[in-house]
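A, B, C and D are the chain letters, set down in written order, and residue numbers restart from 1 in every chain.
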Amino acid sequence: MSRFAFRCVLRWSDMDVFGHVNNARFLTLYEEARVALMFAGARAHGLTSFEEGVVISRHEVDYLRPVDYGADVRIELWVEDIRPSRFVIGYELFDGTEVASRARSVCVPFDLAAGRPRRLSDPERAFLEPWRA
Amino acid sequence: MSRFAFRCVLRWSDMDVFGHVNNARFLTLYEEARVALMFAGARAHGLTSFEEGVVISRHEVDYLRPVDYGADVRIELWVEDIRPSRFVIGYELFDGTEVASRARSVCVPFDLAAGRPRRLSDPERAFLEPWRA
Amino acid sequence: MSRFAFRCVLRWSDMDVFGHVNNARFLTLYEEARVALMFAGARAHGLTSFEEGVVISRHEVDYLRPVDYGADVRIELWVEDIRPSRFVIGYELFDGTEVASRARSVCVPFDLAAGRPRRLSDPERAFLEPWRA
Amino acid sequence: MSRFAFRCVLRWSDMDVFGHVNNARFLTLYEEARVALMFAGARAHGLTSFEEGVVISRHEVDYLRPVDYGADVRIELWVEDIRPSRFVIGYELFDGTEVASRARSVCVPFDLAAGRPRRLSDPERAFLEPWRA
């Protein structure tokens, strides 16, 4: 098992009126980490099919402690499960050495032209497998 | 049981590069509906303690169908559960007459000055009770 | 002369940590008003060429007074100038009856396929003309 | 004259439906650079008064070329003008070695408690002076 690590640069505008990173904004931070692996990372392996169509069917996010602007944030992610027509990404968001949030996303390969879900291809499965927990 | 209905005005900027409302942005739409009930709605009942401190400990979001800019979006929300020190909001997001997404948020009353969770007060419980499913 | 009026629904998340609508976010509010006229409004006249390519070459925004979440905000916009290959939109953002901000955007019709600016077409000019100040 | 350089990490969500960094989002990128100098940078010199109150009275932004997600973006900023009760920040946003955008912000020191503009203090002026162009 291996985890993909993503250094997350917070923005001042990530804070809401309570002075912490807004809870909804965490999904955008997780999105950046996921995109780094599945779009740019996969493209480096010659795989562009995720970029051309993956939809999210479910997110779960747990918030363990508030994160402040100025925090040193790192997201680690891995693949929790691979099924014929979906896969699950797990994440932990670290503030320094402490886990501040955990999340899980159910991802569905999608044929945008046909407008419907499709099965994972063999190259996609091969790309995901090494990140499996 | 009664549901709180919130008319949701989409923005052009809610779309991502795929041309649909971005999945992370849904949490912001749910936030608007929740804030409308728990901040402005509660204030109308003389209750400002939610505004002074509620933190989110968990979100779950299911995406059933893509939502386009221009859609007629309504969020309905209700209270699923009330415990001594947390409560759960349930939501459905409608695109016209169809449910496009469902979500659930675990909310924790928080004493910002003391920096720790607190118990729900009686007025808070009384405010939430009529929205209970 | 006639002005296009756009009712602007603020979001809780438009506030920054100072508790007012964030100054950068005003450009998003102006964008919504502009899009309402030039995309949806023009489409109602059978004109979709703005949607297919207009780029912004300049924005100017003046901030006259802070705007709070909960404010009743309306944006009025008009066409300040029409040139062969650009046009200028002027805006005023009202908080109730008071002007809280003014802005101006220089818009350039763009041929996305060719990757270069193009001239305004006659139907585009005819659409813009009635909004001219 | 000396310029403050800020490395800008773009997000996938900075793109709009046209596939480039959204024009309104540039103000958020400029904001990050400005905040890095005037809040965190000034704090390192023991100066926290900007954080406690500076309002923006005007922004101007020129867009010279589109910026794509994945671009290597750097913002350079400097102080263009210092007056008794306002100062002007100038910026250039580089995509690699090319200037993709220029901007200017008029900043007004503000007494949040009193609710009105105030004059620049001597330490504030001393902090800004070395960045003057």
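The rule we apply is simple: a residue touches a chain if its C-beta (ideal position, glycine included) is under 8 Å from a C-beta of that chain, and two chains touch if they have at least 3 such contacts.
These numbers were taken from a predicted model, which means no experiment stands behind them.
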Shortest path length from subunit B to subunit C (each step joins two touching chains): 1
Remotest chain, subunit B as reference, centres from CA atoms: D
Rotational angle, Cα trace of subunit C fitted to subunit D, multiple of 5°: 180
Separation of subunit A from subunit B, taking each centre as the mean of its C-alpha atoms, in whole Å: 23
Separation of subunit B from subunit D, taking each centre as the mean of its C-alpha atoms, in whole Å: 34
Subunit C, residues touching no fewer than two other chains: 12-13, 24, 28, 31
Sites on subunit B touched by subunit D in the complex: 12-13, 15-17, 19, 22, 24
Residue numbers on subunit C that touch subunit D, as the complex places them: 18, 23-24, 27-28, 30-31, 55-63, 66, 112
Touching residues (chain side subunit B, partner subunit C) in the complex: 9, 11-13, 28, 31-32, 35, 39-40, 70
